[in-house]
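Two complexes are shown next, each including chain A; its partner changes from chain B in the first to chain C in the second.
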Partner chain A sequence: MYRQKYLFLLPGLLVLVAIILFPLLFTIRVSFSSWDVYNPGLNWVGGENYGRLWEDARYWEALLRLTGLTVGTVLLQYTLGFALALLVWREVVARRLFRVLFLIPMMTTPVVMSVLWRTIFHESLGPLNPILEGIGIGAVPWLSQSTWSFIAVMIVEIWQWTPFMFLLLLAGLLSLPNEPFLAAKIDGAGPIRTFLSVTFPMLGAISVGAILIRLIEASKIMETVYVLTSGGPGTSTETSSYYIYIRGMRDFQIGYSAALSLTYLIIMIVTLTIVAKLLVRALVRDQA
Partner chain B sequence: MNRTLCVALTTTALTAGAVNAQDYTKYGIKADVPGACSFEAIDAKDYTGRTLNIITHAIPVIGEPTALHATQFQELTGATVNVVHVPFGDLFQRIMIPFQTQQQAYDVLFYASLWLGDFNPFFAEVPAAYQETSGMKSVTETYRGIATVGGKMVQYTMDGDRHYLKYRSDVFSNPEMQAKFKEATGRDLTVPATWEEYNEVAAVFNNFDFDGDGAPNFGTAEVTKRDDLMFSAFISRVAPYAKHPDVKGGFFFDLETMTPLVNSPGWVRGLELFVAAQASMPPGGTSFGLGDEIFSFGGGQTLMSYSWDDAFVQAMQPDSPIRNKVAAAPLPGAKEVWNRTTNAWDTFETPNQVSYVTWGWSSAVAAASPNQDMAFDYLCFFSNEANTLADLQIGRFGVNPYRAEHFDAAFYQTEMGWDANVATTYADTLKSVDTAQNQVFDLRVPGVGEFMSSLAAGVARAQAGEATAQEALDGVAAEWTAIVERIGKDRVQAAYANVVALEDK
Partner chain C sequence: MLTITDLSLTEAKVRHLSGLTASFQPGTLTTILGRTGAGKTSLMRAIAGLLTPDSGRIALAGSDWTRLPPWKRPVAMVTQQFINYPHLNVRDNVAFPLVRAGVAKPEAAAKADAALTRVGLATMMDRRPSELSGGQQQRVAIARALVKKAPVLLLDEPFVNLDYKLREAFREDLVELLATETGTTVLYASTEPREALQMGDQIILMAEGRIVQSGQPRSVFAAPASLTAAQVINDPPINPIPFRQANVADFGALGQHPFRLPPGAYTLGLRAADIHPGGPHQAEVTLTEVTGSETITHLRLSGQHLVMQEKSVVPRTPGDQLGVSLDLGAGLVFGADGARKEI
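The block that comes next holds the complex of A and B.
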């Protein structure tokens, strides 16, 4: 009789198999084929694609670049998001308006935002360089010099996704109990001490969740790079997702790009699992 | 009496004719041109109850005329025509995947003609009747050649593209600017005949207000952004150094051995000059995509540019500040050309000029289509003489000259209001590309996307200073060798032989 309960799980399991398991298994199978522009289908080439991947310096460079980009942008998003959340947490003038304004970038399509930012960064026609020149800083080669292009991509990412951090951390702040703050006040703690000893530790769990979600999302960065720099100048802004896109969609190396994708997936799962454990140990006191 | 009768009969005949003949000018054409693909001929067909599926580029380039002529075709024949618009980045795979998985998704396909090497096994041959139409017969030999593989015409020509030089004629003819140039270089200001001259002129006219509009101008606008057709710009610069007029048998590869030639001294010289020219580009010019190049030259920011028609057409828009202040010329050449048979540089008194017939949209009918009759009728209607003359006048459509009559300067003067000098240099330049003895065509072999992606990445590394020109192109050559091995030397060689046949004709 109790066995019938498993039937109720069937629809969910079928959906799971259809939308997660099948594409994953198919990708694994494709990665062992040489499916490309002239060899369609699922022939068997063993680990050839994985051997080739091992020697593909451009892939590993892109992965390294992605690591720098992801860590840098997420840390800055967290810091800025936290600061903004603290700003509108307490009673400030036009608090509701600010909360809505801060969320606008996140609600906009990444491609549209990237096109807008590309126009802003445009060194001949965009408005940013004339402003910088007007205030004496001088024009910046935003999209034509390697380091600045990398910074430009970071700026767009930070601008677009800081609101996500803001949203989660503000929700966390609003859910905090009032008693610890009253106790800190009675003990004579100032604002900095209160933040370090009460606010920040109490938001540990939410911080870990927010950082992890953003690390996962940021590591998939694609649209911003595609629109803003196409991976250039040279390969200075080429990330793993963009490189896989080039190999898969532009070059039509379906088998090889499947191997690239799976390797990337495994690296991400392992890395993010380790990062999650470290973050929990560092930020969530109960788990320490 | 007889005279009155004659007048009466003539009047009756004319009136009857007028009643019978349809007025197709409501479709935006000047007049229908009689023939097998004319409005009248297509109007006589009945495809009621049948459906035609078309895949094409996003609106407006090619996508807009596809949709426009699909609507017209639907009205004239009663067919149901579905048009799917796809962004350029997705177009290749959206066509290729149904082909490879044997799904009959589309009857008619619009795509970049350089993908022919990948797609041609899936195309239907253009039937002889369509090859004999007046519209197809007036397609020039160059563009008929592009449509043909192994003697079979598999592409339906509806566009013609090539690279050529565009420059500000008002600046080149300005005595003050001529004096400035002479003072800086010691020679007269002339339209660049070599890429060294191009770089020199660009450097002299860089970063100062040569047109007196209060904003600084710059020497050159070029397509330099990786993965945004930069490879075509690079090939334009390389061709005269690497395509020796007396050496046959391949520009990209040595056809006999399929050894890549991309790291030969001619290619390296072209890349070095491409990199050097970056100093004369506008701010951000080293990451210009095609759109940027169009608006930079077309908006009057730069003195010179070279690519397809778009920037020239943009400059000649009615509201353009530089309308009728531009001119066209063949691509610059080279006085030193690498001879790969003797492994030495050969010197030429008259620069070696190479016409680069690059890209161009094309169309075809899927071999597996059950509607081939209707599909070919649609394509012959799309590209009939009346439609093409109308489409040529709308810059955003992306339809460019490819028939003999399109190289007539009078058309651009009377229909588009261009000044005589502009129209003449434009028509003459296009015609010279079409009839040039030394031509280079795109690498239309299986895996062309992979070859060009690899080339663009290598060139971008040199542009960004990540590698020297030689190092970057050595890397490209190694990748090309691996790609040839992976796809199959025989396959690539067989396809490349078709390209070489066009170049060595």
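The block that comes next holds the complex of A and C.
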């Protein structure tokens, strides 16, 4: 009778096994196989895929590129999101309207957003280059030159996800008590000092949460690269997710892409855990 | 000397201060007494720079502060709410104004430690404000205000949110602490006449955004200039009893009194302590408040609401009939314009 209580756990355990454990274990098994378009199936090849991965410079370059892209975009998203949140935090004209306007990019699906930006960046037909020429900067090879393509991907990512930072940080700002700001004024702190000594530290926990969520999401960047540049020109905007997609879905090297995915997963878990601890130590006082 | 001249302030279309003029000597404690909404907090906040006056001037030693931002004013302030920095520990809270003023961190920490020791929080320096009781949090705020050594210290009902016993103890501690702050102009806002009479070198009575009287606490209490001033400085509130003066003062059913006044309509301000139990007038008890060792009895007498104060605890029930006597000769007489008349 008493043992029957475990039956109630069964549905939850089954779901867990079905959606997490089975795919994970299956992927691990696949990563030790030579499954590809010519030899489908779980043929055991030991650590061959992992050995190949270790020497795959394109994979490590993609990972390095992803790191730069993630850190750069998230930092800029945080800075811009914070600035926008500060802008509409206090009494400003039409602040409700601005709050809604700032959220629109986030509400649009990444694919639609990327198609839109591809049109904007189009070097001969897009509206951006004529504007740049008009103000004397000149046309920019947005999608045909490596550095500019990388910048274009960054711009789209920042455009799309700054509202997320804005939303979280504005919610944080609105939840702050007013009294410490009064005290800071009396205690001789001007606006900049108040921001550095009161506003920013009081938003430490929310900042850590917002940055971590965005780091996790940004490290999976795929749609923007796929639609905007297809990883090009060459491999200059190829990220880890996109490279794994090419190996798995385009080249159909299932065993190898499983090894790539698992390695990528482990690197992300370790890196983000370390980053989380460092962020908490830096931004949240006495909790490190 | 801190001076305010013809200061007026409106906020959210509500007039909070109307033409205030006053001066405050260094090294003195001025109590600003008034009921809730009298404009005490607005005055404090205007001096601190947290509110901008519509007109008038605020100056310290001749230097105009009126348009100076709050962070540039040499002012320290303790408010009704226990205001501290929730993300800093107690020591860093108190050191905050010193660090902002450019004091080196080790020196600021040492001064903060000394200030916290003075307010009895030597063992709690590493705690966060949220880990302290309300009284302890307010002590942190007081230490932060004192450590700044500002020439102007504003205390806006600092103990109003503490319980009665704690308030009494804190008031004594504060008087001791302020005794060492020589040269500081201290403004203490209060709604309690007893507190104001105990603490201040000078008292300012406020009502509806105006200063109704100022001076030495004892002399203001003994001779309030108007009925409004008398109502502000008396606790329990003074009993206003209308009468007509002919040959004698005629109080109707309450009797007569031989005042020497020109004929006309007047109001007698009778303090609650000048109504005594036992006497010819039959009154009905409407409410009894026992506060410590005193009893405040609300009475209805000939259609008039009166408050009687006794220095003892007397159990009474609403509806009881009670004979009382009124010491009319001890009252203060006010004319139709509200100004006090000599009798």
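Rule of thumb we're sticking to: the second predicted complex is superposed on the first by the 277 of 288 C-alpha atoms of A that agree within 3 Å, B and C clash if a C-alpha of one lies under 4 Å from a C-alpha of the other, contacts with A are read in each partner's own complex, and residues count from 1 in each chain.
As a convention for this text, a contact is a pair of C-beta atoms (placed from the backbone, for glycine too) under 8 Å apart; a residue touches a chain by one contact, two chains touch by 3 or more.
Source: prediction; values computed, not measured.
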| item | value |
| --- | --- |
| Touched partner set for A:Gly136, first chain B, second chain C, both or neither | neither |
| Touching partner for A:Gly188 - first (chain B), second (chain C), both, neither | second |
| Residue contacts on chain A - larger count, chain B or chain C | B |
| Which of chain B and chain C A:Gly46 touches, first, second, both or neither | neither |
| Touched partner set for A:Pro11, first chain B, second chain C, both or neither | neither |
| Touching partner for A:Pro180 - first (chain B), second (chain C), both, neither | second |
| Complex contact set, residues of chain C against chain A | 48-50, 69-72, 75-77, 79, 81, 83-89, 96-97, 100-101, 128, 141, 144, 148 |
| Contact set on chain A toward chain C in their complex | 177, 179-180, 182-190, 193, 197-198, 201-202, 204, 285-286 |
| Chain B contact footprint on chain A (complex, rising order) | 34, 36-41, 58, 122-125, 129, 139, 141-144, 146, 149, 226, 229-236, 246, 249-253 |
| Residues of chain B defined as touching chain A within the complex | 89-90, 92-93, 96, 100-101, 118, 225-228, 282-287, 289, 292, 295-296, 301, 446-447, 449-450, 453, 457, 460-461, 463-466, 486-488, 491 |
